[in-house]
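For reference, the structure I am asking about is given below.
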Amino acid sequence: MALLEIENLSVNYGAIQAVRGLSLEVGEGEVVTLIGANGAGKTTTLRAVSRMLRPVSGTIRFAGRDITRLPPDEAVKLGVAQSPEGRQVLARQSVEDNLELGAYVRGDRAGVQADLRQMYERFPRLGERRAQLAGTLSGGEQQMLAIARALMSRPRLLLLDEPSLGLAPLIVREIFTIIRELNEQGMTILLVEQNAKLAMNASHRTYVLEAGQLTFSGISSELVDDERVLHAYLGG
Amino acid sequence: MEPSQLIQNLMNGLAIGSVYAIFALGYTLVFSILGIINFAQGAVFTLGAYFTYALVSGQFENNGLLKGINLFPAGSPFAGNPWAFGLATLIGAALAGLIAVLIERLAFRPMRARGAEPLLALVSSLGVALVIVNLIQLLVGAESYSFPANAYGEFRPALTFNVGDKVVVIRSVQLVIFAVSMVMLGILGYVIGRTKVGKALRAVAENPGTASLLGISVDRYVLITFFLSGFLGGLAGTLVSLAFGIGGPYFGQAFGLKGLAVIVLGGLGNIPGAVLGGLLIGLAEAFVPADYSAYKDAVAFALLFAVLLLRPQGLLGKAQIQKV
Amino acid sequence: QKVSSISLGVAVAQTSNVSLFGQEQVAGAKVAEKLINAAGGVNGTPIKLVYQDAGGDENGAINAFQSLINKSRVLGIVGPTLSQQAFAADPVAERAKVPVLGISNTAKGIPQIGTYVARVSAPIAVIAPAAVKQALKLNPKIKKVAVMYAQNDAFSVSETETFQSTLKAQGLNIVTVQKSLTTDTDFTTQVTAVINSGAELVVVSALAADGGNIVKQLRQFGYKGLIVGGNGFNTANVFPVCQKDCDGVLVAQAYSPSQKSAVNQKFVSEYRKLYKKDPPQFAAQAYAGIQVFVDALKVIDKKKKLSTWDLAALRTELNKQVLAGKYSTPLGELRFDKDGEVNQKEFFVARIKMKDAKNGSFVFDK
Amino acid sequence: MTAPGERPVVLEARHMTRRFGGLVAVNDVSFDVREGEIFGLIGPNGAGKTTLFNLMTGLTPPSSGTLTSRGQTVTGLPPHRVAGLGISRTFQNIRLFRGLSALDNVKVATHRQTRAGLWQGVFGTAQAEERQAERRAWELLDLVGLSDRAGELAANFSYGDQRKLEIARALATEPRILLLDEPAAGMNTSEKGQLTAFIREVRDRFDLTVLLIEHHVPLVMGLCDRVAVLNFGQLIAIGDPASVQRDPKVIEAYLGGE
Amino acid sequence: MNDFFSTYGSLIVMMVQAGLLGLSLYFPLQAGQLSLATPGFYALGGYVAAILLTNPAFSGLRETLGNGMFPLTWLVAALLSGVLGLVLGLPALRLRGIYLALATIAFVQIMQTLALNLKVTGGAIGIFAIPQAFGFERPLQYLWLFGPLLLLTLLFTRQLSRSRVGRAFHAIREDELAADAMGINPTHYKVLAFVIGAVLAGIVGAMSAPFLNTWNAKQGTFDASIAVLAFVLIGGSRHLWGPVVGGALLTAVPEVLRFLADWRLVINGLVLVVASLYLPQGIVGAFERWRRPAPPRRPADLPPVTAAEGRP
C-alpha cells in the first residue's frame, strides 16, 4: 500500500479549476517528482495534500487513512510536513523560534534540540542568524529556513514546493544531497521542482502535470530522455 | 507640585491605570491573535461585573425581567468574607470568559471561515455589544447596582497617611485593584513570553495559515485566547465595579474606548505595552491639574496622538519589518 | 382627518444610558394611564398612551417624534428626556403644530422653542437656590464651597451656572470648580482637589451614576461636610451607587411624595402598589404631563365632542387650552405663562436617608 | 552600434554601504554600468544583492555611499522619485497589486507617463492620455503573454505568471534602467531559455539597460555582458562572464568546484 | 404616500446623510487608509454653520446675504475642513492600519473636548434655534440639499476611481511600497484622499446643522466613527455604492424595528452580526459576485504585439 494515495482529486479556486481529476501515488520510502509549466496545478496539489485547500472532489489517503477532510494541523500530527511555495516563514519570529515551532508536534525536547543543532550544521547560515527575525533574512536564507523547519517535525511524508527556488548553486546541491540522505533514512518525499533535471535525478518516479491534469508519468530515469519531457521542461 | 500632591496623584494614576491595563489586555490578546478589535470586550467587561453581582447578591431587585428571581433565597454563600467574594469574582470572570468563547464561536469563527476581511469583525462585535448591552437592560434594568457593603466583610474604605502636613488617601479598593492586576499581568506575561503555549500563540497571531501548517491547532488557540480575554475583561469589570459600582448596562463603553487608546499607545498586540500604556494613561489623567480636569480625556488622546507621531508603532510595539 | 382615538405620545429614553431616567418616566406615565382611565378617561373615553423610544441622542428623539406625530397621530407628546434632545425634536413638533410638554427638560430656553412647546418641569433656576439655602440653614458657618459638574451634559452645565450664581449671591466663596464627564467612573483627581481646597460644602451637578460615584468617592476620601446634589440626584438610582455614603445629601425637589393633595396621594399609593417604592420626581413629572393634557382635553371635549374634531385643529386647540388652564397635579398646582414655562407653587428640599446599603428615601425637612 | 566599452556610463555606484545592526549587508561597493548593458549580479544567498537593489531604488537608505545616474544623485531620493529618473524594478518576493486586475497592475505603473490631476480625471478631460495608457498596458501584457487574462486578479496567477506580470508592470514605467531580482525563479528550464531571449528583446526594443540578479548560472552567463559577484556584502569580482566564471574566488564562494 | 413621507421624511434624509458620511470615509479607504476622522469634520462643519447662522457677530452678514447664507456656510465648512484635513493628514498619514484609526479617533475626541469647553460652540448645551435652510417647512425638503450632494459625490467618486488618481489610490491600498516603487507618491495621494473625505464630511455637517435644529458636542463622537465604519463595511467597502447602501440601511433598520419596542436594539445588534457573517464583502459586494465585471476590452485598433520570440 502506498503511503500517499490521491484519487481523482479536483480543486477549484472559485470558478477556476486548478486541478482536475488527478490521481497519483507515493509509495513508502519513495521520492516522487511533480513537474509542469507555470499554473499547471503543482502547488495546488501539494496544498490539497497538506490540507491547506479543500478539494471539491476526490480522496486523499495517507497511510491508509482518508485525510481528505482533516484539518491541516491534524495532518501534521499524522506526519505530513510541507515546505510551502513563498516560504511563509514567520517573519516576526526569530530563526530559532521558527525552527522550534517546526517541531511543535513533537514531545521529545532532547531530540528537538539535537535536530536543531543538526540543522545549524547543514545550513551554517541559519546557525549564524539564529536570533535574527526571519522576516529580515534574504530570500535564499528564508528558503533554507522553510526547508529546515519542515524537517524539524520529522515527517513521514515531506512535501517540498520548489525547494531550490532562490538558492545559490552550492546550496541547491546541498538540498539535493539532503533529499537523498533523508530518503536513504526512509523518508518519503513528494517534490515539486522547476529544475526538472535535478529533481528527476533525485527521484524514483515523475508525474507530469498540464493544465490541472496528469498527462503522463513514469520512472524518472527513463523519462529524462523522453522527447516530451525533454522538449517542454528540460529546454532540450 | 507639593510632595503630598505628587504622591496622591501617583497613587490615583497607578490604580486607575492598572485597571485600564488589565482591561486592555483582553483587547490586545484578541488583536494579536486575530488582528481584530473586539468591540464586545466592553460588554464582556460589564457582564463580568453583573455575573459577580448575581453571585454575591443573588438577585436583581430593581427592574427588568429577572426581577423577583433569587438565586440564593437562604442568602448567598459568596458574600460576607473576602475569600468567598474572591471566589465569586473568579467565577464571574470565568463566566465572562465563556461568553467570550461563545462570541467567538457565533460571531467571529463563521466569518473567518468565509474569508471576510478582518475589519468586518469590528462590525460584528459591535453588533454583539449592542445585543449584550440591551439584553442586560431588558433583564435587569438600566439601574446601577453596587455590591452590598458587607459583600467582602468589613474593610476600612481608605488608608490615610501624612506627607508633610498634608494627608494622602488611598482607597482600599485601589490597592486591591492594583495588586490583582499586577498578579494577572505577571502570570500572563509569563505564559505568553516563556512557554510553548506562548510561542504557538505568537505563531497563530502572525499567520494562522502557516501555524496550522506546523501542526498548531488554530481554532484551539483562538478559543483559549478568547477565554483569557473574556476572563480578564470580566475580572476588570468586577474590580472596577467594586470601586465605583456597576453603572448600568453601558458601564463598559467608556472603558472600551480608553482600552483601545491604551493598547495602541503601548503597541498593538504587545503585552508589556498594554501594561505600560494603561499605567501611562492613568497617570497622565491623574496629573492633569485640577483646574483643567475638563481636558482630561483630551489629554489622554493628545498623549496618544503625540506618541504615535514620534513612534508610529506605539511605545513598545516593534516597527513593522518589511524585507523587500 | 377626524380624530379616531385619544392617543398621547410618550417619547422618552428607553434605551441608551439615559434610559435610567426614561424608565422612571415610563413608570409614571403607566400609572397615569391606569388611574386616568379608571376614572373614566376624558369624559368617558379612555386615553391611549403610545410609547416611542427616543434613545439618548437627537436623531432618536426626532424619529420618535415623527413617528408619534404622523404614524400614531397623537394629540400631544410628553418628552423627550434630555433638554439637548428637546432642542432638536421640539422644533419638529412645532412645525407640525403638535403640542409638546417637557416632563424633565430643565435647561434654559425650552419653552421658547415655540408656541407649541411647554413644560411641567420647573427650570433649574427656580429649584436650585432652595437647596443651597437649606444647606446654609443647617450650617450657617459655611464659607468655602466647591462646585463639581458633568461638563458634557447640557442640563448639568446650566444647572451649575445657576448654583454658582446663587452661591455668589449668598456671599459664599467658590474655592474650586471641578469638571467631569457623565461617562466617568473615577473621580479621584477631582475629589482630591476638592478636599485640598478645604471646602465646607460641595455642590454637585451630574447625572445619577456619576453623581453617586462622586459622593461616594468624596466620602471615602474623607470629606465630612455637606453635599448638595442637583436634579440628576432626583432618583432612587443614586442609592445603590453611593450606598450609605449617600446619607445626608441635600437635593432640591420639584416633587415630594408626602405632598398632601388627594391626586398625589392616589398617585403615590398606586405607584407603591406597582413598583414597591415611593415615586421619584421624574415619575411624578411624567404623570403630571399626561394629566395636564387630559385635563385640557376634558375642557375641550365639554365644548365640542373630541371625536368631531379635525386632528390638526384639535392639536392647536389642545395647545391653547394647555396654556390656559390651571392644574392640580401631584406636583401641586401648576399653571403656564404665555411661553409655556411652568409656574409651580411648591418646591422641596429632601435629604437622602439610607435605610440599608441599597434602600433609602428622600426625607423632606420642610 | 558603439562597442559596449565606449557607451556612456548610466549608473555610478560609489562606496555604497548598508548596515543592519552589526551586520554589513552591503560593504563599500563601487561599480559602473554602461548604457545598453545587461549587467548580472550574482553571489551566495545573503550576499547583499537584493539589498543593493533596494539601495539603488530608494527603498532602503544607504548607510553611506552614493549612486548617480547621468549626473543625477539617486541616493536620498524616495522611491517614486527614483522611478521618475527612469529606474524601475521587480521584486524578489513578488509584490503585485494583488487585488487589481493584471491590466490595472500594468496601467497603474504608467503613472509617471501621465499627468491628469484630480479634476481632469473627474471631468474626463484627459481622454487622450488615458487611451494611451490603456494601449500601452495591453501591449505590455501581449509582450509577456498574459493579455488573454487581462481582467483577472493578480492574486489568481500562479507564481511563475506573477513574475511575468511584474516585469510587464516594471516596463510600464518606461524605465531606461530595469532592475530584475531573480526573474527566472519559479520558471522551468525551457521557460528560462525563453526568458533569456525575452530580456534581450526588451532591452533592444526599449533601449534599456538591464541589471539582473539571478542564481541560474547558465542564464546569467549566456545573457549578461558583464557580471559582478558579491560575497558577504563585498564586490569580489567584476568582468565578462567567462573571466568571472573562472575566478577562483567566485568558484569558492558561489559556483562550487567540481 | 403623503403619510409615509411625513412619517419617514426625516428618516429618509438621515439615510441619505448617512450614505454621504459613509462616502466620506470611503475616500481614504480607497487609498487603504482606515481613517475614522469623518465625525470630527462633520462636527466641525456643523459648528461652522451653526455659528454663522446664529451668532450675533454675523447678524449683519445674514441680513445682507439672506438665503445666500446657507451656501456660504457650506463653503466655509468645506474650506476649514479641507485645511484642517491637510494639517492633520500630513503627519497622521504616516501611521498604518489601526494606528491611523486610533489617531483619527484621538482627533475626534480632542475636537469633542474643545467643543465642550469653548464659548463659541456653546459648551455642553451647544447651539440651538438654528434657522431652517431656505425656510424649509418639512424635513423631507432637506433632500433638496442632500440629494444633489449625494448624486454629485457619487458621480465624482465614479469618475475618480476610473482616473489616474483613482488608480493611484487603489495601488497604494494594495501595496504602498510597490506603488511607491512604480512612481506614485504615496503621501501625496493619501493626503489627497483624506482631504476629499474631510471636505465632504464638513459640507454634510454644515447642511445637517439646520436640519437637526441644534448642534452640540454629541454630534461627532467615537460612536459615530464606528457607526460610519459599519455603514461602509456592511454596504461593501470595495464599491462606491457600498457606503450609500450601508449607510441608508443601517440608519433605517432601528427605525423599521420600532414595532419591536424593547427588543428593538437587541435585534438591531443581531442584524449587524448576521449581516457581517453572511455578507463578508458587504451588500453591494454580494451583488457584485453575481454580476462578474465584464473582462476589459482590448482597444479595437490595437494590433496584437508580436510576441517576443522568446516570450517568458
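By written order: A, B, C, D and E. Residues from 1 in each chain.
Keep in mind that, in the parts below, a contact is a pair of C-beta atoms (placed from the backbone, for glycine too) under 8 Å apart; a residue touches a chain by one contact, two chains touch by 3 or more.
Note that the structure is predicted; figures quoted are calculated from it, not measured.
Student: Fewest touch steps from chain A to chain E?
Tutor: The least step count works out to 2.
Student: For chain D and chain E, what is the smallest step count along a path of chains that touch one another?
Tutor: Shortest path length, in steps: 1.
Student: What chain is the most remote from chain A, judged by the mean position of CA atoms in each chain?
Tutor: Checked the centroid distances; the maximum from chain A is C.
Student: Could you grab the centroid distance between chain A and chain C? Build each centroid from C-alpha atoms only and quote it in angstrom.
Tutor: Computed value for the inter-centroid distance: 74 Å.
Student: Quick check: how many Å separate the C-alpha centres of chain B and chain D?
Tutor: That pair's centroid distance is 50 Å.
Student: So the centre of each chain is just the mean of its C-alpha atoms; given that, what is the distance between chain A and chain D in Å?
Tutor: The separation of the two C-alpha centroids amounts to 30 Å.
Student: Using the average of all C-alpha atoms in each chain as its centre, how far is it in Å between chain A and chain B?
Tutor: 44
Student: Among the residues of chain E, pick out those that touch two or more other chains and give their numbers.
Tutor: As it turns out, chain E has residues touching two or more other chains at 116-117, 177, 262, 265.
Student: Pull out every residue in chain A that's touching 2 or more other chains.
Tutor: Residues 136-138 of chain A touch two or more partner chains.
Student: If you look at chain B, which of its residues touch at least two other chains?
Tutor: 134, 294, 297, 322-324
Student: Going by the touch rule stated at the top, which chains touch which?
Tutor: The list of touching pairs comes to A-B, A-D, B-C, B-D, B-E, C-E, D-E.
Student: With touch defined as at the start, can you tell me which chain A residues reach chain B in the complex?
Tutor: For chain A paired with chain B, touching residues are 50, 52, 71-74, 76-77, 82, 84, 88-93, 97, 100-102, 104-105, 133, 135-138, 149, 153.
Student: Which part of chain E faces chain B closely enough to touch in the complex?
Tutor: 34, 91-92, 94-96, 98-99, 102-103, 105-107, 109-110, 113-114, 116-117, 177, 222, 226, 229-230, 233-234, 237, 262-263, 265-266, 268-277, 280-281
Student: Quick one: in the complex, what on chain D touches chain E?
Tutor: For this pair, the touching residues of chain D are 57-59, 78-80, 82-84, 88-89, 91, 95-101, 103-104, 107-109, 111-112, 114, 116-118, 120-124, 126, 129-131, 133-135, 138-139, 142-145, 147, 150-151, 163-164, 167, 169-170, 172-173, 183, 187, 191, 193-198, 200-202.
Student: Would you mind writing out the residues of chain B in touch with chain A in their complex?
Tutor: Chain B residues touching chain A: 196, 199-200, 202-203, 206-207, 209-219, 318, 321-323.
Student: Help me check something: in the complex, which residues belonging to chain D touch chain B?
Tutor: The contact residues of chain D facing chain B are 50, 54, 59-60, 91-93, 95.
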